[in-house]
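By letter and in written order, the chains are A, B and C; residue numbering begins at 1 in each of them.
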Amino acid sequence: MLQDRVAIEDLLVRYCRHLDEMDLDALAALFTPDCVVEYGPGRLMTSHGSAQLRSSLERMWRWRRTAHHLANVEIDFGAGGDDAVARSAVTAWHERPDGSTGTVLGRYTDHVRRLPAGWRIARRRMEMVGNDAGFDVNLYRFERQAPPDGWTPPSPADL
Amino acid sequence: MLQDRVAIEDLLVRYCRHLDEMDLDALAALFTPDCVVEYGPGRLMTSHGSAQLRSSLERMWRWRRTAHHLANVEIDFGAGGDDAVARSAVTAWHERPDGSTGTVLGRYTDHVRRLPAGWRIARRRMEMVGNDAGFDVNLYRFERQAPPDGWTPPSPADL
Amino acid sequence: MLQDRVAIEDLLVRYCRHLDEMDLDALAALFTPDCVVEYGPGRLMTSHGSAQLRSSLERMWRWRRTAHHLANVEIDFGAGGDDAVARSAVTAWHERPDGSTGTVLGRYTDHVRRLPAGWRIARRRMEMVGNDAGFDVNLYRFERQAPPDGWTPPSPADL
């Protein structure tokens, strides 16, 4: 199981590196051929199959540079040990050709599957937790719990 | 020991996720009932016990969104293998209801303990390493070593 | 191998912590005596040997505070198991005495070697993937693949 954890974390990390390298062939090979990947409601933001994902991610060339840094990996294995749900967080920094930037803090929920050749991402959904003013892509939103009725903010003197 | 490392790292990562979800029941369950948690000198910034911690962290609803990303985990086990010191770094991004943000780069020093139900945080201290102008919470400060007497800055031409 | 992965990741994380602590003795001890470390083309930006590295990194005192957060660790072991190539990403935040800041998103490529006393970094090269306007150090540049001939940006309506 520990070897599998390492292999799955490697998979998620390689996605980040290959995206920043814009090595889309290497990136697409991390996914199952029939993968479903969804970033947001836009037409290009959901892909069916790794070939369509590869083609769709050519959109990332509209940025001059990107940096995707992964954190907070959690992995829950299914009963058979050949599939797992991996949750992680990402800081994704993007720079436009004019030098302006946009950063998004997101979360990935991935269903990963063991194929004969190794672990692959079969389903990925990204949600946006936070973003700066320069990031304007319409991603799915992460939701947090609402405060209880009657909650009042603390006094600044107590912080 | 490797299984314990994974379990302890999971514990630290779940803290981040549950805080961003504002799932304070799940967050409080990561701590021992008698935990001591200190973020800074303010009255609400130290908690004794997981119930008080849960209540105190309701203050985080004054932010509209937060994202806590963990990095740099180091774990040193005690002699018996049932306790450990875990050190880590966190990037904590916070957004106010008016859209303004504050980010702090901090460090956690955690004493973790194995209970029958699993590893829990018994003591946490946070220190602030860096922050941007928008982050104005009075956290404890991380200290670095001072330069030796007579240190002079390098010439920009050598950088 | 898993124990070695943990030890190598610890090594990379300790570098970050000791640099932020400015504990340069502890930092230099993470490298082989004959290490080669290169950050950029400037005279102080390449070091031969851990003693020279220690001395060269005194330049970091020109910052008032720094925070180095590691991510995306990938480790490939050599055939004998006593050396490895470790790749990682770093967010490095720097604050000047006047309060202005500079952040760089970089990548480390490290050749690590098992010595009798443990794993050490024998060769490190840093490359800059991204940076904000406040970061003006001349680091080596990370290169990504160019778009294919005839690539056209997507329609914003599809994003």
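Quick notes on this structure:
Keep in mind that, in the parts below, contacts are C-beta pairs under 8 Å (C-beta built on N, C-alpha and C of every residue); 3 or more make two chains touch, one makes a residue touch a chain.
Every value quoted in this text rests on a predicted model; they were computed, and no experiment measured them.
When the CA atoms of chain A are superposed on chain C, the rotation angle comes to 120 degrees (nearest 5).
Because chain A and chain B share one sequence, their contact can be compared position by position; here under half of the interface residue numbers appear on both sides.
Per-chain Cα centroids separate chain A from chain B by 23 Å. Annotation for chain C: residues touching 2 or more other chains are 2, 69, 71, 91. By the touch criterion given at the top, residues 2, 5, 69, 71-74, 87, 89, 91, 105, 129-130, 132, 142, 144-147, 151, 153-154, 157-159 of chain B touch chain C in their complex. If you check the complex, the residues on chain B that touch chain A are 2-3, 6, 10, 13-14, 16-17, 20-23, 40, 42-45, 58-59, 61-62, 65-67, 69-71, 91, 93, 95, 101, 137-138.
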